[in-house]
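The data blocks that follow each hold one structure.
Common to both upcoming complexes is chain A, partnered first by chain B, then by chain C.
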Partner chain A sequence: MTTTATPPATGRGQGAPDLSRGALSMRRRVVNHVASGSIHLALLLAVIPLGLVIWTVLNRGAGVMSLDFLNADIPNSYRREGPGMGPAIVGTLLITGMASLMAIPLGVFGAIYLNEYGKQKPLARTIRLMADVMTGVPSIVMGLFIYISWVLVVGRFTGFAGSLALACLMLPVVIRSSEEMLRLVPDELRQASLALGARKWRTILTVVLPAAISGITSGALLAVARAAGETAPIVIVTGIVFSTNTNLFDGSNTALPAQIFRNASQPFVGAQDRAWGAALTLIVIVVLFTIVSRVIANRFALKER
Partner chain B sequence: MTLTENKPETRPSLAPQKGGLLADRAFSWWTLGTGLLVLGILALILITTVREAWPAFVEMGFRYVTERTWDPNPAEGAPIFGALSFMYGTAVTSLIALLIAVPVSIGIALFITELAPRRLRGSAITVIDLLAAVPSVVFGLWGVLVLAPILVDFYRGVHDVFSGVPVLGTIFGEAASGRNFMTAGLILAIMVTPIITSICREVFGTVPQADKDAALALGATRWEMIRGAVFPHSFGGITGAVMLGLGRAMGETIAVALVVGGSTNLSANLFEPGNTMAAVIVQQFGESTGTYTAALIGLGVVLFGMTVLINLAAQRIVRRAEARMRGGVA
Partner chain C sequence: MPTANTPAGTVTSHPSVSVSAPSAGWNDAGVDTPDGAATTVMNLADVSVHYGSYEAVRGTSMPIRQNQITAMIGPSGCGKSTILRSLNRMNDLIAGARVTGSVTYHGQDIYAKDVDPIQVRRRIGMVFQKPNPFPKSIYDNVAYGLRINGIKGKLDDHVEEALTGAALWDEVKDKLKTSGLALSGGQQQRLCIARTIAVKPDVILMDEPCSALDPIATSKIEDLMYELSKSYTIVIVTHNMQQAARVSHYTAFFTAEVDEKQVRHGRLVEFDQTSRIFTNPGDKRTEDYITGRFG
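Our next item is the complex of A and B:
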């Protein structure tokens, strides 16, 4: 009789305490409801502007969209109505493409340094930190930088200057996302390759990189999508044209974001229509890149263990 | 006997090949070089922009940051370049943006990490991703052509409500058009929400499940669990997220340039048009020459310095918070 449980007589009343919701004090219940209500409201506050922006762009953009709009030259007067964004579409694709050609390989090699050589060395940590800081450098500052160190040196506006500015903006993003992907590659792969006698550079290029390539591609495409929407540096360093210029190294160029910016600040209906059409085109391009990036990331994801 | 004599010849050579060593070294130097590119570019930005802006700094001296007049083409006398109004505009618009975006972002992050049913979580994340994917110039286009005209009436209503009240009457003053500090702040709020949300999400994700379970087991409601277990753990991380958002808001150029109104104005009235450092550069760069250009680049230097400092501090804070979290979990 020494090990009997303590009698339930202590505490209030009989049996187990009431743990149901109804036992909560009024104040606690109300606070909980208000809090969870506000959290849902917060999500709504983000959904509403997003929905409105996308709906307006689709609505206004679809009105001017046509094959002619995608092909024709840009009217050289904001007053004139009618289609034409061809040069800007070509410009966006060329400038962003050239920027990717520069930033993605360099960024991947930078990531290889950070993950395969530098690791936790002070220099690597500094580069990592500075890459994060560089991600936060305003695009307008990058535009000024390229204006001073390229446009002034070469002596003219070119599409290539825009590519340089976009590449500078993409570089830290590519480095950091690629490094994350390289870190996911299991060490056993590296050890197996080294044990077979492969040099470190061959191990990295033929074993580590292929294992991480889908993740790297996906991250790089996201960076490309973001760069395609950058406006400020393009406005400052590429000048302006009204007919297609396929030469990035000679003569001014233009791109969709810059056209949206210039046309949006005009009071004329024709210009504003073109701005909406350009916005729709730009969003389609950006969303395409984002979707492809997602598909690649999901389809070929490195099996995380 | 014969066996031992043959052995040395059949054993494969394990000595490193000569050419490989060189390739290895070259490759590691090459990757190091690309890594150093980041540091190089940042240093170059600082050097070139400061050098190019120097004439304006020299000519204006300390008045560059204390003078509120910005007059590149005065009727008489030398042009005056005082950046104070633009610095004020940057500060005010960023502040408005953060006041709105921070609670909203924390709310969304809490929804995703704590409240959402599994199916809704995916859609909430997609919403935030889409918000981040829309180019800022599109938000600007929408802001200037759709939002600003609608908001004028709303601003006038707010002004009527507060017109007699001492301080609020000044802050919510007369609204001439929809392009003003307030609209710029609202558009900025939309644009910094994704970045603050994504960092808050990461930070909330590091809160140990055991702490949350413990709070719930003690009878805490969902909100009490969030207040008692989630917030204390993530205070540092939230601070870092807010600072990263601030850096983004200060540097945002195009959308602000479209909706802020574009006038040199230092006024407490949020419904008056003004300008910010980043916006003024892109608006006036094309028509500037000489010292005027230098003065605009000077704005870029100030902007660069401030965003780098803010980002450095924010990264420090986020990293320290994350490291402490990881230590706490283990």
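Our next item is the complex of A and C:
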């Protein structure tokens, strides 16, 4: 505020630098426009497939959607028209829920070990490498692995076998994403807690985990969403049913992705409609689950502002 | 009085030196009790700290006196923060760090095998260079230490007491539920001090507590340190010589030396009453540093 003379309203003073956009070179102006234009174009291109998928699924699936569709048993002939998907919805919720119950706590504990205790020890490095490799294992391979190591051993298809396969798929994703989130927690917070005389487990439980919880939730959600949509392992290890089976440990089961796969590959209109309905139901389930976990995570999360 | 090397001896042999020294601030008033009355809370004898095979600080011996403020000054890399962190075993958290020599607290070696570092840190608290409140509410920040130490009952009273002690209560009493991170830098640092004094430690270590703060916030913290020194023993690391001169009763001057293998080590050059260090230092290097001829 040391300027004494107020600049004249008509324009800049003698010898003052030109700050207008026109003073920039043509090249810089063109490059700027091209860059921002291509970024917007890229965004548009990325949104198009997303929008199309949602529009198509809504368009085709909304027609068959009804309370009956969500409740009724699956017709045991693909030829038959009409609802429903009840057993597959129950199956998806139970199988994915059980898989999450196994994979998320294990994965978070694994991540705590890696980031807080193991650090760069040989064991930790090995686990990290194996988790990375496991992330890349195709789901059908995991399905076959559970088939020979569980289904053949137990001697029957069960929903639980599906949960095991999905848990194996989720585990590495949860471990690695949680570890990244724990790594983002500043060391100063750990030191502050330790300097107050807190033990390490207490520091992890009351400072480190709450600081990372929302990121950990995001990672776990990605894993759950991925698992809920897995088809191959379900088809291989859970068998098929047409009426609701709420017992994961006894008898075959089914899930929405498996039903989409089976019904969509039929030439019959009724089956295809059911597949679209199942697809819509699956998307809605994943969205609902995302919202609920976000709300829960926000309650636990530490306040940032 | 536990045995200490010559610097400590220097102090005890000049019990009333500060009274006759020219007044340089309130610290002189603080020392006008006979020096012998201040008991030694902690004592360092020949303390060296290694990081892996590198010896960061070599052979440090000095006492920390009760209800006095001891400042550690010196150029960067002279090991003053390292020594500070060895006083409550925070160096344990750095992989490869090793402390030799003896650090005693009320006569007990805090590095003895059966000593639990948690017990040490419970009594010897620490305030860090960068204000690091937990991303929790102001109330929870202060209550945290109470909760982990199993202090039950009137948490509200303890929190108010600690915040009042840290001269922050009036500024935050109406917004205890808001996040500690919403406070200004100086308020955050006072919150960290409140969090530390809430657990009623014996000694408070401060690692450049004002280096991230503006002059007004700094002077608030300095006033606070003076108040706190009535009930606590304070050790402060600072880059700011004026700060050391203003607030401390005793000053330890560290410097970095290059040995015969061209490796830099931190070393304690001189430990004495602050008034002597700043008016009549016993070592040429101290004089050069405080008069700005060096570093």
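The rule is short, and it goes like this: the second predicted complex is superposed on the first by the 233 of 305 C-alpha atoms of A that agree within 3 Å, B and C clash if a C-alpha of one lies under 4 Å from a C-alpha of the other, contacts with A are read in each partner's own complex, and residues count from 1 in each chain.
As a convention for this text, contacts are C-beta pairs under 8 Å (C-beta built on N, C-alpha and C of every residue); 3 or more make two chains touch, one makes a residue touch a chain.
Here the structure is a predicted model, which means the values were calculated and not measured.
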Partner chain(s) touched by A:Asp68 [first = chain B, second = chain C, both, neither]: neither
First, second, both or neither for A:Gln272, with chain B first and chain C second: first
Winner by number of chain A residues touched, once chain B and chain C are compared: B
Partner chain in contact with A:Pro186 - chain B first, chain C second, else both or neither: second
Which of chain B and chain C A:Ile112 touches, first, second, both or neither: first
Partner chain in contact with A:Leu194 - chain B first, chain C second, else both or neither: second
Partner chain(s) touched by A:Asp250 [first = chain B, second = chain C, both, neither]: neither
Which superposed partner A:Leu43 touches (first chain B, second chain C, both, neither): first
Footprint overlap on chain A, comparing chain B with chain C: 197, 199
Chain A residues within the chain B interface of the complex: 19, 24, 28-29, 31-32, 35-36, 38-43, 45-47, 49-50, 52-54, 56-57, 106-107, 109-110, 112-114, 116-118, 124, 126-127, 129-145, 148-149, 168, 171-172, 175, 197, 199-201, 204, 225-226, 228-232, 235-236, 257, 260-261, 264-265, 272, 275-276, 279, 282-283, 286-287, 290
Touch list for chain B against partner chain A, complex: 14, 20, 23-24, 26-28, 30-32, 34-39, 41-42, 44-45, 48-49, 52, 103-108, 110-111, 115, 124, 127-131, 133-142, 144-146, 190, 193, 197, 219, 221-224, 226, 244, 247-248, 250-254, 257-258, 278, 281-282, 285-286, 297, 300, 303-304, 307-308, 310-312, 315
Sites on chain C touched by chain A in the complex: 88, 90, 93, 95, 118-119, 121-123, 125-126, 128, 130, 132-137, 144-145, 148-149, 178-179, 181-182, 192, 195-196, 199
Parts of chain A lying in touch with chain C, wherever the complex brings them together: 119, 186, 188-199, 202, 206-207, 210-211, 302-305
